[in-house]
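In what comes next, chain A is part of two complexes: it sits with chain B in the first one and with chain C in the second one.
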Partner chain A sequence: MMLQPVRRPLGPLKSLLRRNRQAQQFMARTMATETTPTASEMAASSSIPPPPISTLAAKKPSKFHVIPSKTPGKPIRTAFAVYAPPPSARAAHPDALISYHAQQIRRLDRTGTRTALFSKKNPDAAKPGDVLQVTTNRGEPFAGVCLSIKRAGVDTAILLRNHLTKVGVEMWYKIYSPNVLGIEIIWRRPKRARRARLYFMRKPRHDMGNVEHLVAAWRRSRNVFSSNKGRGTQGKGGKGSKGSK
Partner chain B sequence: MLNCIDNSGAAIVECALVVGRKRHASIGKPKPASIAIVLPSFRDRIVAIVQKQRGASDAGMGSASAANKVQRPDGSVVKFDDNACVLISKAGDPIGTRVNGVVGAELRRKKWSKILSMAPAHA
Partner chain C sequence: MAPRLPAGWAASLSLSPSTVLTTRILLIERHALLPRTAKRGVKYGWSTLPSRSRPARFNQVSSGLPVPTAGPAAALKRKEATTPLRTGVLAVKKGVSAMFVGGLRMPCTILQMEQVEVVAAKTREKNGYWAVQLGLGHKTAGNVTAPLLGYYEAKGVAPKRHLAEFKVRTEEGLLPVGVQLQPDWFKLGQFVDARSKSRGMGFAGGMKRHGFAGQGASHGNSKNHRTIGTTGPSQGGGSRVHPGKKMPGRMGNERVTVQNLRVLKFDNEMGIVVVSGHVAGPKGCVVKISDAIKKDPPAQTFIDKARRILLERNPEAEAKLEQARLRHLELKEARKEGRIGEAMAATTAATITATATESATA
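Presenting the complex of A and B:
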């Protein structure tokens, strides 16, 4: 007990300061409580509803149905009990399929890039009419113009069309498939397509044909970008730089 | 009627029968064929094949690409704009030496790797 001040020479001073601070806080509090409530405070206190009686009377199973009588303020009470509706199962348990899709998407697209690439909210998202390239874990990457995006949760798929050896080839790819390693935007349609499904592009009049020249241009632009980066100069973000991996 | 995409000389091939199946054929399905239109320069050779076919049903064709949609085990779907075929002998060897068109990758699964390796592109 006697040694304590020796070890902590500022101990008493600290306790003194603390006491002083607390006293000040206490004073402030008393002063605040002493003030008379303002008009707004009065209104607020009166607007607070009284504790609901229903919580107290929740145990009671029912109230009774009343019929409006001729004498106002004195309705006729019947013997028919009116029960409160049971709690909504839908509110307690949300749609299982929606949560399942969300969980599967979380599992298959951990970074969320694939979702963002085809999200309607993303202004830079891939849209029908753009030329996309899908890299799968086997075979060559398939590039083609996107004819439609089927939005169906985890089954969301894109339809790509290209010409290989002068034969039109269409491929559906699931965007969340583990076999799809990457989807890249090769070329953006200059004007937004006014349809969601560009099936008219199968007609010879509207067919884009082979998109190999666009892919080659995109690859060249990527090469320029990478070489600039290597030299340390500031490279411009090309059209294809928005690709997702 | 299918386009013939090999250099056997046939241009358009008519399907006579789908082997072992009472439904439509798909990619990699062999079927006896008769040759309807031949390229003029190959006429002699084609006549020989047709004779062979008529005599002993020696030649057949493997469907190389299908205009109908074909779904793959991974969920992707492939669809070609036309129906095409490659002529094969009864032993299963291709009659032509080159394939000039895109073929479906289903040929690998159905053990037609020889046709697949001859093709310039597969999808």
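Presenting the complex of A and C:
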């Protein structure tokens, strides 16, 4: 611990810069995301068939496959006409699963904010250890510390942990689900977690406990910037997040 | 009646040992000189009598006997209700994901149809059943054996990576050879069955393979915690292991059918069919998708429409097949006569001339 500043003299500067950047972003409140459930998938993809692929050219016997002979004077043992194969869907889309994910994410996250919120390329993305609040189309918004992010394309999910009535509660949320109206960063972990899965936070020694005080602080900070401050109902997570975007 | 034996069959038995030895030597010498042909034929004891099992005058169907409940015709009749009206398709499993359909998350499997073509039609007259043979993928000609190269040559189809048959109920379910099937062969929301080979688990014990309970950790148990226990009753019960007894052995790598999966999505451009739920086997395994046998097939109007679209996309399939067949016969003759080199040269020259003519006209 003592040697660390010697080895990385500019180490603290990085975290300071990051915090500064995030504080500025926090004022702009751009992290609230919203997706509108689009028309049903049934209607979306029933507009196929595409134009027919012409197979007339493909059916021409293009070449011969020659099986050589070992006899010196006779080079060809036999030969067969080989017809050209039809166009390959696999060559055009070598990784169909990735294409599928991209297509579905385009459909469910039109603006791309949800993807950016959890993108590895985004330095200000939500990370394990941050406290997030998820607003769904039913019930109260759920806030909790993010223990892990399961990245699986359109099936990407986050695991939030909180304490409700002194009982530990964990909830998985699919970030692209149409039922999830908004995801917000309530509190950032001051120092980046050095693990991707913070399951050790389930142990009493590391447990964050209830995050209600962080949510309350976040609400207060939002009320400062809103036009009609002083009204207690304004800070209600989901509505505020929807209005901000 | 036992087959007749040749008249002098017992003569060799009565010979003296020395004579037998000379006979053997003589025989070997004769065999060494003459071509090796087996001693077979009528004069060596084969019967030429007609088969006794043929239906004679009194056991004809028309003589008031019941229709046989066994045999090919009866089997086809019995399986008619569960045989799909039309062919299924072959696809490759690409992976598993989820789809949100109206707020509901549905786990799904992504299957890709790669160059799925009809290679042959199996008919009642020739093969005893109606079926469509499909091919998937592409194989380099150098990796295909000569007999199969001839097969594909006669069909006018490029060599396929996998071949599979799909039985259909009647002749109406057959498709012309050479047509390419696309994912829109299926109707959105229809039910399908997916057949594939499950992941091989290797040699597995009874607990893993059949879900046996295993045995206690203590109470005097000695080195038998995961063993299967008894395999059957003792004396009085037969003192034997009954056939089909579940035991340790190779697990997985067997064909698994998952029934009644919904088609959630298809995309002709990507060549994918997305079905709900999971399909057995690892990524990259070949999956046979066909209309579910325990659900109603898609509406007849849809079946007709899909067929019409298919035939429009692949015009003149029959003519092309006939052309390929005739060409195959020519080439086959050339191969037999050892002048395949000239046939190849002639074809190449003709192609070059045709191309030159085309370019000249253009």
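In this section, the second predicted complex is superposed on the first by the 133 of 245 C-alpha atoms of A that agree within 3 Å, B and C clash if a C-alpha of one lies under 4 Å from a C-alpha of the other, contacts with A are read in each partner's own complex, and residues count from 1 in each chain.
By definition in this document, contacts are C-beta pairs under 8 Å (C-beta built on N, C-alpha and C of every residue); 3 or more make two chains touch, one makes a residue touch a chain.
Remember, predicted model here, so these are calculated numbers, not experimental data.
Participant: So which one touches more of the residues on chain A, chain B or chain C?
Facilitator: Of chain B and chain C, the partner in contact with more residues of chain A is C.
Participant: Taking the superposition on A as described, I'd like to know which of chain B and chain C A:G168 touches: first, second, both or neither.
Facilitator: So A:G168 only meets chain B here.
Participant: Once the shared chain is lined up, is A:F142 touching chain B (first), chain C (second), both, or neither of them?
Facilitator: first
Participant: First (chain B), second (chain C), both or neither: which does A:S177 touch?
Facilitator: In the superposed model, A:S177 contacts both chain B and chain C.
Participant: Once the structures are superposed on A, label A:T78 by its partner contacts, choosing first (chain B), second (chain C), both or neither.
Facilitator: A:T78 contacts chain C only, not chain B.
Participant: Quick check on the superposed pair: does A:R90 touch chain B, chain C, both, or neither? Answer first, second, both or neither.
Facilitator: Second partner only, chain C.
Participant: So, A:Y199: does it touch chain B (first), chain C (second), both, or neither?
Facilitator: neither
Participant: Can you pull the chain A residues that chain B and chain C both touch?
Facilitator: Shared contact residues on chain A (touching chain B in one complex, chain C in the other): 155, 174, 177, 179.
Participant: Given the complex with chain A, which residues does chain B contribute to the contact?
Facilitator: 65, 74-82, 84, 100-102, 105, 120-123
Participant: Given the complex with chain B, which residues does chain A contribute to the contact?
Facilitator: These residues of chain A touch chain B: 136, 139, 142, 155, 157, 164-174, 177, 179, 202.
Participant: Using the touch definition from the top, list the residues of chain A that touch chain C in their complex.
Facilitator: 37, 40-42, 45-46, 48-50, 52-53, 55-56, 59, 61, 64-67, 75-76, 78-90, 92-93, 95-97, 99-101, 103-104, 108, 137, 152-155, 174, 176-179
Participant: Would you mind writing out the residues of chain C in touch with chain A in their complex?
Facilitator: The contact residues of chain C facing chain A are 92, 94-95, 97-103, 105, 110, 112-115, 117, 137-138, 141-142, 146, 149-150, 152-153, 156-159, 178, 180, 182, 184, 188-189, 264-272, 274, 309, 312-315, 320, 324, 327-328, 331, 335, 340-341, 344, 347.
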